[in-house]
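Okay, handing you the structure first.
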Amino acid sequence: MDIPVLAQIVVGAVGAGAVLAGLGVRVLGPKAATAITIAGVGLAFLASVILAWTYAQGSAPQAVDLYHWGPGGYGMKIGFLIDSLSVVMMVVVTLISLLVHVYSIGYMRGDPGYVRFFAYLSLFTLSMLLLVMADNFLLLFIGWEGVGLVSYLLIGFWYTRARAPSAGLKAFLVNRLGDFGFLLGMGALLAGAGSLDYATVFAQSEALAQQLSPFAGLSMLSLICLFLFVGAMGKSAQVPLHVWLPDSMEGPTPISAMIHAATMVTAGIFMVARLSPLFEGSEVALNLILVVGGVTALSMGLIGLVANDIKQVIAYSTLSQLGYMTMALGASAYAASIFHLFTHAFFKALLFLAAGSVILAMHHGQDIRQMGGLARRMPVTAATFAIGSLALVGVPGFAGFFSKESIIEALAHSDLLLAPTAHFLALAGVAVTALYSLRLWCYVFQGDPRSAEAEQAQEPDKTVTVPLILLAVLTLAAGFGVEAFLYGGLLGDALVVHSAHDTLARMAEHWDGILGAVLHGFAAPAIWLLGLSLLGGYFLYEKGYAAKLAPAVSGLQSVLLRKYGFDMLYENWFVRAAHAVADACARTGDQKMIDGLLVNGTARLTRRAAATLRLVQSGLLSHYALAMLLGLVAALGYLLLRG
Amino acid sequence: MSVAQEMILMLPEIVLVVGACFILLCPRPLAWPLTMLTLAAAVGAMLATAPDAPILLMSGMFERSAEVDVLRILICVLTVLVLRYARGYPVSSDRLQSNEFYTLATFGCVGMFLISGAEHLVALYMGLEILALSLYPMIAMVRDDGRAGEAALKYFVLGALASGFLLYGMSLMYAATGTLHIGELAERLGQMETNRILLLGTVFMLAGLAFKLGATPFHMWLPDVYDGSSLPAATYLSAAPKIAGLLLLLRLFGDGLMALAADWTTLMMALAVLSLLLGNLVAIAQTRIRRMLAYSAIAHTGFVFLALCAGSPKGMGSAVFYTLVYALMAAGSFGMLLLLNARTTAEDIKDFKGLNHSHPWLAIMVLILMFSMAGVPLTAGFYAKLYVLQAVVEAGLWPLAVAAVLLTVVGAYYYLRIVWYMYFEEAERPAEPGEDLTHVFLVSANALVLVVIFAVPQPWLEMSQRAAGVFVGGQ
Amino acid sequence: MAFQTLLFYLFGAVLLTAAVATVTLRNMVHAALSLILSFFTAAMLWMLLEAEFLSILLVLVYIGAVLVLFLFVVMMVERHTPTIHHRRNYRLVALAVAGVMAAELGAALIAPDFVPASAPMPAPLGHSNTQALGSVLYTDYALAFEAAAVALLVAIVGAIALTLRARPDHHRQNPAQQSRVRKQDRLRLTDGRSEPPC
Amino acid sequence: MLSLTHFMLLSGALFAIGVAGVFVNRRHALVLLMSLELILLAVNTNFIAASHYLQDLGGQAFALFVLTIAAAEIAIGLAIVVVVFRSRETIDAEDLSEVRG
Amino acid sequence: MSLLGLMIWTPIAAGFATLVLRDPAVVRRWSLAASLFVFVLSLVAVAGFDPAAGYQWQYQTSWIPAFNIDYHLGVDGLSLPLVVLTAFIGVLAILTGWNTATRHITQFFAAFLILEGLLIGVFCAMDAALFYVFFEAMLIPMFLIIGIWGSDNRVYAAVKFFLYTFLGSVLMLVAFVYLALQSESFRITDWYALPLSSLEQTWLFLALLLGFAVKVPMWPVHTWLPDAHVEAPAAGSVVLAAVLLKIGGYGLLRFCLPVAPDASLALDGLVIGLSLIAVVYIGFTALAQTDMKKLIAYSSIAHMGFVTLGLFILYRLATETAMLSVSGAIVQMISHGLVSAALFVCVGVLYDRRHSRNIQDYGGVLETMPVFGALFVFFALANAGLPGTSGFVGEVMVILATFQAGWWLAVLAAMVVVLGAAYSLWMVRRVVFGPAEHAEVKAFQDLSGREMLILMALAVPVLGVGLWPVPLLDLIEPSVVQLIDQAQAFKAGGAP
């Protein structure tokens, strides 16, 4: 089958599933809905795999235009760009989606919103596919907003809970802040390049780099990239727009796995990678990306050390890992970033689903202090969780190792101004990752059960465990794609790297195969750090030194518990300020000034004038005559004086 | 021209005078039909004797023209209309439906007829005084009501004062130009340099006429007279005499004093703006319908003066059209008021409350009248304003136009108030309008004519332009 | 000529004095009499202007009829002389306005740009002002003349309508009713017993 | 030498007194009527003077009609005064301010 | 009678006929039939419309020769969509008000039908006097609708509505009169070619702007709108938001831009500034509202800000981009017509059940009214400009184009992305989501068939325009091109 047809099948199948399930929310039974959506996603997955296989053979990128969306001439169209990058993403998306669909059969069983949930899932998959397949910014933005929407709906899925809808709103609004930047970036693009079509825009990246932006010393290209990166920060939850992600854990766990770990949050990463021809032209943007990524990677990891909600811990870990991906982008190691995205998708989905399994077993309890000793009661979950964790911390041989190690190395090779800082942050992040992963493992699976639920925890049924196992296998396998991704040209021409900061090329010079990499890994400083941390973690958490140490670091702990005060800052300052401004506009501005003073004031004045003038009509004849005389005298005077 | 021919051309006036005498003497029940007959006969006489071209009669004192005849017919129609409305008025009714009342009303028409054709200052003055002399007793006629007497006294004293102004102005004009004939006056003024005597005369004449029309600051009598007099008298006063007053203005200023337009237009602007301002503002503060209508009349007068300030034939035409429409609106409004007062007293604006609920048809008619007064489209009032604005803007006086329309917005408020009382509020006490179907029909027709004029305004506009053309024909 | 000028100033002074007295005297009768005086002097002035007919008319008709009517009404309401309560401020303003108006009138009337017609030759002997006036009155001013008749008629009708009142205590005969009366209207047969008071 | 201006000034003064009489003294309704008479007298004087100097009878004719109308007006005016007096028992202009606003 | 004439006069005649029919049940069906008929006619008009051929369905006859006023109807690509919108909303308004009126039921439907006819007239008029007649006459039925069938403070709102609009329109009338005198014609197209000096244009522009700005409404002459919306019955709000406000935007593009291009160029900063104030200031104001209708009303003002922004930014853009912004403005008008109408219907649905517009009186509506809740969320999202809904199309086009005119303009305009989402979704969060705490809410019945029909009928075009706006864009494109040409056909030799 040819590529356009396959691409349309991918989108069409998922779309049909979403629409059918969505329209049939009231009609369809759970089984029918499940069947429809899974069939759709499954078909899409198959098509994606075929596409991937085709591209693995080295097909040329192909544009698939469906129809013009906006006025002609701006590249506002519904059209797909099928190349190796989008195909990789399609596979990841459809695969994770498929697994989450399956997993959700068990996880969501009996929920009154079951069908709705599946419709949302499919809709999300559709949006994500549009996002990754788009061949122009407009469609990218449509998908971008689409995933934001579904994320909003899914976070607030249990709408009768008090907090879920608020978390959804928060997620949406913070995302919108990012979109604000994205939209401006698109505006700048349109102003600078006159088109929103990738190909057209990319072709002009040189020209844009020469063009001056309204800001002194900044090229148009940099401005565009900065604006677009703000969008990416929102979606990929980079500091300081990360605050929505931990809250989003209010949603059902499969959602956390799929949206808030594997796919949606990586949209920002994907976007930057997709737009590499632009970002390559702006060192300013790259430096910013480096430092934002670095700060996110380390600081969010640290919070993971103190969080007590199992999903929160994983969420902070996700933030931290997103930071790594971002750093990789900054170092122009787009392939490494995508590769980390790829591996992370699997191991983080695995971790989340495993956590979901734990949560199910705990009857929707999520506090890790209530758990303990679950390894014995839930062996499959524990084993898969362990595999995920190992991948996460980057133990040589596991998926995370390959991807993260590549990133760290790329950072080391980068010549950018802030690369050394980022490198340091990345290394520190490794240690932190190890610590919180170990802490989580110890709290959940080691030791004695700390609650009745933990004592009676049971392994969930197969729809839950099978995806876990599958994901575990994939996690183990994913790492071995490193060669293809980074050096084998799997991503082909989709990524453009300026020769001046082609870190991956420099790394390729001393790449000696996977085995070599593993062996090398043991010599890498990161791994030493990792080992040390694991050891430290063992003593801290397994041996219980953490509790003794706590008073000593209480200051740090409280900072971490408060999440560096971001939430406080936003809620106390930004939100409150917005409300104050809103109140000022509404009460003072509109009610008092415009309505009170101008509008009703005029009315009042008129009425008063009327009441006053009315007194002139005194009823006295002499007054009346005087008035006539006054008029006469005035007229005479006017005419006489005028001459 | 032979005396017989002249008498034939004067037939409408003669018919009216003779009719009025018969009305005075006939048995009481015959007074009303005889009045109608007389007015109808006058109209018939007018139609039968209409000249092809404007023609001067009675040694050049009087002008007959088909164009102005149309207005005179309208005066008759309005008189018939208001007299018919007034028939339903019950309070002290014996006097108000007496022979004297109808006689005076008919004589009033004689006065208006004279005004409409007068080509000579004496004739003009006589017409004016016949009208005024008929109005004074009509207003005072509800003898036991102190308010009516008070109103009549005020009207009389101030009216006589205004007549004094007018006469004094005329005497100065006469002294300066040596003629009393309006056509000659225009001619001589055209050949003269302006001097102060002329200016003085102009001011005094303008003051006298401004009083008749009720322009600020010569308006003070108007609210009190509308308010204090009997409703039938106020109704009579509100409609046809406005047309006569305008004709007076046109004759004197549009024709006689046209050469001094540069001077009097400025004064008229002041009158116009002041009238608009005061009329519209003070109307807001009123609680009695009649007083409100009185101030509204002042505001409308302001618009008429605005039209005249343009000092152009178009301005004159627009003034005529405006006055026609206004007279119709005023007649309709008072007719409605009389209908509402047929059985109980309903003089407060509040008495309109809930009218839509009890009498939706009447409410719609009032709505049409009020929106027409406010100058909102789908009613003739809109064109009246549009026409005036056109004339004013054409004369380059657009700041004046802006001021006028802004004050119109203020004015819209009190017309709206009546509408909202009718439609939005609950009645405080049930309305008891008269059940006289003819009256209802006439009032409705009166209101609907405003809509008809809106839909087909061309004949009316042409008529107004032509009528105005007769006055400024010398130009 | 000088004599005429002298007369003008004399009559003028009297006229204005009488006029001021008319509007200022508190006694109504005195005021009315002052008015009569001012009319008399005005008639004299008119005589100076060779308007003999009007001058005589003013004295005979106007003073003889109209002003006497005035006096009549003054007498009728005199017993109700109203109390006077001036407001000082108002009076000042009013006087000021009147003063300004007078000044303006004066300023305008002695306008340098107005050249009045020069004094005409005195009318020849035997010229009848009355005849001359009569001849225009019935020709050129026929319409006005008729209108004046109408105006007077209107005034009569109006004045009577206002003042004539059918009082309830005023008994009048109605011959028609009288002649139509029937026996049973007037006569009632009773059975002789006393009726209860109603 | 008497000129038209003399007469006009005289009648102007008379006119001013008459007008002032209407509004300066807010007294008796009858005074108002008298003031009106003075105004008309002034007007007539004006007309007659102009007529004389212009040698045109029109002014005198006008004055004649003004006289007629003045008489008619006074008849009506006095009738109104009587009506007011009957219903209100006063003709004090100051008391006649029931209708106002 | 021409097709357009039929569309104008059918509802008006039908409206007066209702006054005779009297039986409410008959009147309802009759009104629905009449409005449906008009809607069908509007579709016929679209079917027979050739976008490239300028004004079509023209009908011209002399009306008042004395004033050079013609009865001249016609539609082009700019007015036709608005005509269809009006006819469409006309049907929905009848349906929305099906059971609203408890008294004067026949008058209720009469008012709506007459209003519909007048509104269509506004968009079809090619003669300025005719335009003005419809423009102002429409105040009467709307005034009555707010005043008779509104809620507690209805009189204040109705009078405010009337006087505000009247104030704007009378100055516009003066401008019209001036133009008519200069060109000796009231035909709008004649005015386009009329040479005018910069000074003349400036005054004319300001007068016209005031008239239309009140209608749009633009800050600071907007305060009538929240009051009018709050007090009007749901059906009234629907028409008000969906169609009446569009007249303002339509007037700007029909009169201000082509008639006074130099002044538009010189004063575009003013309009742009006011539009941005509308977006930002009003956006914040909306955030502070506790009354749902007020909130939507303020959101309307903010969204209409994009219309004015999109129109007047054109002088600062290359022609290509100007196309984008002007088309965006027009699409935004249509979209806002649909979305705000839907939101007001939604509030009406809630109001019918709880008799409160206060956000605090709700919460957890989704629990008892899932279908309604879903639709409400959908329309709120459309209001927030979510891609795939019509709300996105116009907004994104305008914002994108604006950047070319100045980055900070775009920054301010793009704030709608955050603010729009904030007030729309915050309302949704408080009304629809969360636990149902009020007993009344717990007893809610989900949508009736009629309500469902209305909302679905609105959802379809909202989605349709959002997913595939090209047909609409194609319809308006030639007219937009022409408009931009006219707006740049400077008469006084460039900027004064």
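Order of writing sets the labels: A, B, C, D and E. Residues in every chain begin at 1.
Operating definition for what follows: a contact is a pair of C-beta atoms (placed from the backbone, for glycine too) under 8 Å apart; a residue touches a chain by one contact, two chains touch by 3 or more.
Given the structure is predicted, the values throughout are model-derived calculations rather than measurements.
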| Chains in simultaneous contact with subunit A and subunit D | B, C
| query | Going by CA means, which chain is nearest the middle of everything shown? | reply | E
| query | Hey, which pair has more contacts between C-betas, A-C or B-C? | reply | B-C
| task | Could you give the separation in Å between the centres of subunit B and subunit C, each centre being the mean of its C-alpha atoms? | result | 29
| task | Calculate how many whole Å lie between the centre of subunit A and the centre of subunit E, each centre taken as the average of the chain's C-alpha atoms. | result | 37
| Where the centres are mean C-alpha positions, what is the separation of subunit B from subunit E, in Å? | 43
| said: Taking the mean of the C-alpha atoms as each chain's centre, how many Å separate subunit C from subunit D? | reply: 9
| request: Would you mind listing the residues of subunit C that make contact with two or more other chains? | output: 90, 94, 97-98, 101, 105, 107-109, 116-117, 140-141, 144, 148, 151, 154-155, 158-159, 162
| Per-residue overlap in subunit A, given as positions that touch at least 2 other chains | 614, 617, 619, 621-623, 625-626, 629-630, 632, 636, 640
| Of all residues in subunit E, the ones touching two or more other chains | none
| Contact pairs between chains, per stated definition | A-B, A-C, A-D, A-E, B-C, B-D, B-E, C-D
| note | Residue set of subunit C touching subunit D in the complex reads 1, 4-5, 8, 12, 15-16, 19-20, 22-24, 26, 28, 31-32, 35, 38-39, 42, 45-46, 48-51, 53-54, 57-58, 61-62, 65-66, 69-70, 73-74, 76-77, 80-86, 90-91, 94-95, 97-98, 101-102, 105-106, 109-110, 116-120, 129, 132-133, 136-137, 140-141, 144, 148, 151-152, 154-156, 158-159, 162-163
| task | Flag every residue of subunit B that touches subunit A in the complex, lowest number first. | result | 153-154, 157-158, 161-162, 165, 196, 199-200, 202-204, 206-207, 210-211, 216-218, 220-221, 223-224, 263, 266-267, 270-271, 278, 281-286, 410, 413
| message | List the residues on subunit A that touch subunit D in their complex, please. | response | 614, 617-623, 625-626, 629
| subunit B - residues contacting subunit E, complex | 356-357, 360, 367, 371, 376-378, 382-383, 385-387, 389-390, 393-394, 398, 401-402, 405-406, 408-409, 412-413, 416-417, 419-420, 423-425, 457-458, 461-462, 465
| task | Under the touch definition given earlier, write down the residues of subunit D that touch subunit A in their complex. | result | 19, 22-26, 32, 93-94, 96-101
